[in-house]
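To start, I am sharing the structure in question, which I have written as structure tokens.
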Amino acid sequence: MKSDVSRGAYWSSRISAVTPEKVFIRGYDLEDLIGDLPFTAAIYLLIKGDLPSPPEVRVLDGVLSAVLDYGLEKPGTVAARFAVSANPSMAVGLAAACLSVGRHTLATEDTSRFIVDCYSRFQESGSTMEEFADQEVARLRTSGHRIPGLGHPVFKRVDPRAAALRALAVRESCWPAAADLYEALHSSFTRLPGKEDIAINDVGMMAAVLVGLGFSPEEGTGVAILSTMPGLIAHISEELTGGRPIRVVPRDEVAYDVQSGRDYRRDRARAGWTDDWGAGAAPAEQS
Amino acid sequence: MKSDVSRGAYWSSRISAVTPEKVFIRGYDLEDLIGDLPFTAAIYLLIKGDLPSPPEVRVLDGVLSAVLDYGLEKPGTVAARFAVSANPSMAVGLAAACLSVGRHTLATEDTSRFIVDCYSRFQESGSTMEEFADQEVARLRTSGHRIPGLGHPVFKRVDPRAAALRALAVRESCWPAAADLYEALHSSFTRLPGKEDIAINDVGMMAAVLVGLGFSPEEGTGVAILSTMPGLIAHISEELTGGRPIRVVPRDEVAYDVQSGRDYRRDRARAGWTDDWGAGAAPAEQS
Amino acid sequence: MKSDVSRGAYWSSRISAVTPEKVFIRGYDLEDLIGDLPFTAAIYLLIKGDLPSPPEVRVLDGVLSAVLDYGLEKPGTVAARFAVSANPSMAVGLAAACLSVGRHTLATEDTSRFIVDCYSRFQESGSTMEEFADQEVARLRTSGHRIPGLGHPVFKRVDPRAAALRALAVRESCWPAAADLYEALHSSFTRLPGKEDIAINDVGMMAAVLVGLGFSPEEGTGVAILSTMPGLIAHISEELTGGRPIRVVPRDEVAYDVQSGRDYRRDRARAGWTDDWGAGAAPAEQS
Amino acid sequence: MKSDVSRGAYWSSRISAVTPEKVFIRGYDLEDLIGDLPFTAAIYLLIKGDLPSPPEVRVLDGVLSAVLDYGLEKPGTVAARFAVSANPSMAVGLAAACLSVGRHTLATEDTSRFIVDCYSRFQESGSTMEEFADQEVARLRTSGHRIPGLGHPVFKRVDPRAAALRALAVRESCWPAAADLYEALHSSFTRLPGKEDIAINDVGMMAAVLVGLGFSPEEGTGVAILSTMPGLIAHISEELTGGRPIRVVPRDEVAYDVQSGRDYRRDRARAGWTDDWGAGAAPAEQS
């Protein structure tokens, strides 16, 4: 198939091509792939454009398994279950959950961007990794910024899921120098007083490994969201079959703090409305 | 401006037209409207294509105020607050809330469709409204269907918000014959044993009045969703400023019922996996 | 870990359990799974509750590869690219795409439900599969219903992707009797005049195979959506890096058919508004 | 009704309160509001907590009318129409459109935040508005930042919709000093060579007026999204009734640039896969 990108069409794409009778995925005939290509390899092929090696598949499987606990303790799961309790639809539930990934949770892209940016500046710096890390940590503290991907409410020093993912990436030779730098930054940070116990968390380690696999920060967040989908499908299915028809917050969990004793007629007059709101009342106009 | 719909373009629209220098809304120059057209009239104009009369504006205002309590007892509000606690964004919160309107809550379209369909069959029936209603209620019971828009967890016989909306529509001469038929059906239904207390609820009454204003069932749901937006903006703003950073379900609200004592190695062997999952382990392949 | 479902908590779940230090996925320790469990097996485990056998993994891989062409010819891809051209965010794009799966495209659930329902009635019928199929096709035609999952704009008689998926399921002994019935229905249908060329399409075949793997109709739609994610991540990434900043429909694709020559002042007077809209103008109130 | 916020409940809200028999909106009985409160006043009340004055209602009506042209030239409208062409649902279409508001279009919050921030620094500066504006413009240019809310593809010097909105706000005495500062900044900017023709656009002016009405940046974006809803409901309704069943990009608008001549078997071997993908093939394992 010939490239026709020169035509100046409104849309162009390098991902797949559809002809009336054939579909090509990154240049491969889709019919060859069905029944042969494992889904993890398909994820890599579609996003990155080439077939992965066995170690890359194993590491990507590890990334995709790192947050399988996308359970009731994640905002997206709960948002999805509330949504489908009102509008029972798998597509709706998955969309609500996708929306609940962002600055405060699971979006690996801030960390990935941080790692890529630091590593690029490190390479230009001429410093050793340790020197660079110490300077960078000092600089971040002065400017009031934090290192993304650190800290966990329970785990101190080591997050075991992050450790399992790291060990896998090292074993498969998919641990990038940029991740060494991220660990050096973490290490320098934990030498600060009171910071000894701060661990690299699962999202931070996913970001480092995704950088090593060559995903862009945005693609990394896409992979992180993808990794939550199996758990979400299970939770939405559980809600649709065994959940409650219209979930509302149980009344005893809500504290209303609404002003009491307000007088609507009085306050509306005080706001400057004589006898009517205009179109809102107007019996005179009717007569 | 001349119609150019004949060109066979991929998209066509009767709603607004944009020229490089002017925008026409249903044929009116947008600059004439800004500062003159109240938003409620704009809603009517955009959806229905013509300017509303004063009674139509007053009734539509009533519909738009009927569910202002889009509070913490609605699934959409809670879904939105969970979503933005993770991904702080007004657009994301409003989208999550829109998604939470459907078969089980607030979608007026099922009731509107029911009313329109019954009224059309009534007009062809030659029966009186009471006869038709009794036959229809009997038919629904036989086939196991329910009348949409009835019932409320608290209000018996009368839902005061529905009653306020009805009174407004009657006062403004926007109460359609189809709504009389809906009331006749409700009335016939409440003569069944054990059904005496079932009220037409707020969503049912909104649907009847939206039919009277000439909105299609789908447009009616759109108006119902629109009516929730002010409350949702307020709730999302409240969550973004005073809420919690990453909301999770409090642990004591969750009962886990997960199988215990499962042995991964054993179960994986029993499922037919000899020593590895293929790509998943394979140090042998590496050597 | 002990079940605590008896406490009557507001939420309950059988999927995963989170303790302060451990996460259990369907009863297995998450740390055991990372680096060992391929993602396809994780999908099966989370949704269905047990580890899959090798044939089940291979068939599920096939299902997950059947629609990898989630390209520019699918509404969801285009909706996602338009959305992120305005609001550049991977999470937003994936949500917009999830939303674009439904009655008219990719939702396997209608077909799955049809297959499950037919097979259940067939088992009670005492008929042969061919007799049942002929009766059912006749019944559907009389009532004006169609068989879901049939037909393709290009492929006649056989959709090669559906054929590849079917061959895989048969080879792996995951082809259920219910799918035989679905083929018998298709076969009976194609004996009708003018219907000889109608193929079972890829969504129809996915639905049949998903039934064979034991997924509920809603879960099947979840898996179908999941299968589109890699292509969507690639397309959203392509849009974010090489797309257009604010995509709008090119002007020559739009045919506006808006009424011309409308006079706002005149039409507003005709609609019953004397000099002002009420709150909308009111210089008198100001004085 | 007594405040019970002290209970330490998981949720708290100042917006509305629901008792089994009454709903209070910002302290007012909902039944008093239905049929009396225009929707524009309800929007103000819910978000800001108090009833608006007549001028505030007129200005908010102006803001809500400023982007009524939410037509086919906006990404959100097109995303919504693509989505519902696949998944025909009003709620889905409105959600897809909400998602398409963000950094590149319609989100007034960046401009609002800029205005509020500049005004706060101006008040502490002791400079005249002109001096401050000149210094700030110089500072922004040095640091490579742009002033948000400026520029339009067609309108030079003045965007007539922005001008109409400004005139309304001035007439109603709702034009804040912060907006004067924003104009001073714009004015200073247009004295730069080559910038003479840059206008404050409609989104920039909406942001300034929303600041004047006292909405937070996030609330302002909520109001901007709300203002698009009538047009979106109309467009989604048009698509559901007169659109196309499954919209895809017309083939002649797409230029595929996919690699040709790739050999799947060869590339898979080169990637390091001997005879199978592991679980992907494995007839040997079966025996």
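The first chain written gets the first letter, and so on, giving A, B, C and D; residue counts start at 1 in each chain.
Note that contacts are C-beta pairs under 8 Å (C-beta built on N, C-alpha and C of every residue); 3 or more make two chains touch, one makes a residue touch a chain.
Since the structure is predicted, the reported quantities are computational estimates derived from the model, not experimental observations.
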item	value
Remaining touching clusters (ignoring subunit B, no chains moved)	one piece
Shared interface partners, meaning chains that touch subunit A and subunit D	B, C
Centroid-based (C-alpha) most distant chain relative to subunit C	D
Geometric centre distance via CA averages, subunit C-subunit B, whole Å	22
Distance between the centres, which are taken as Cα means, of subunit B and subunit A, whole angstrom	29
For subunit A, residues that touch 2 or more chains besides their own	10-11, 13-18, 33, 35, 37-38, 40-41, 54-55, 57-58, 61, 72-73, 87, 89, 91-92, 95-96, 99, 101-102, 107, 249, 254, 272, 277-282, 285
Subunit D partner contacts - residues on subunit B that touch it in the complex	10-11, 13-18, 20-21, 23, 25, 30-31, 33-35, 37-40, 42-43, 45-47, 58, 60-62, 64-66, 68-73, 89-92, 94-96, 98-99, 101-102, 107, 109, 154-155, 160-161, 164-165, 167-168, 216, 218-219, 221-223, 225-227, 229-238, 240-241, 250, 272, 274, 276-280, 282, 285
Subunit C-touching residues of subunit D, taken from the complex the two chains share	38, 40-41, 54-55, 57-58, 61, 72-76, 78-80, 82-83, 85-89, 92, 95-96, 99-107, 245-249, 251, 254, 278-282, 285-286
Sites on subunit A touched by subunit D in the complex	1-18, 24, 26-29, 32-33, 35-38, 41, 50-55, 57, 87, 91-92, 95, 99, 249, 252-262, 264-265, 267-268, 271-273, 277-281
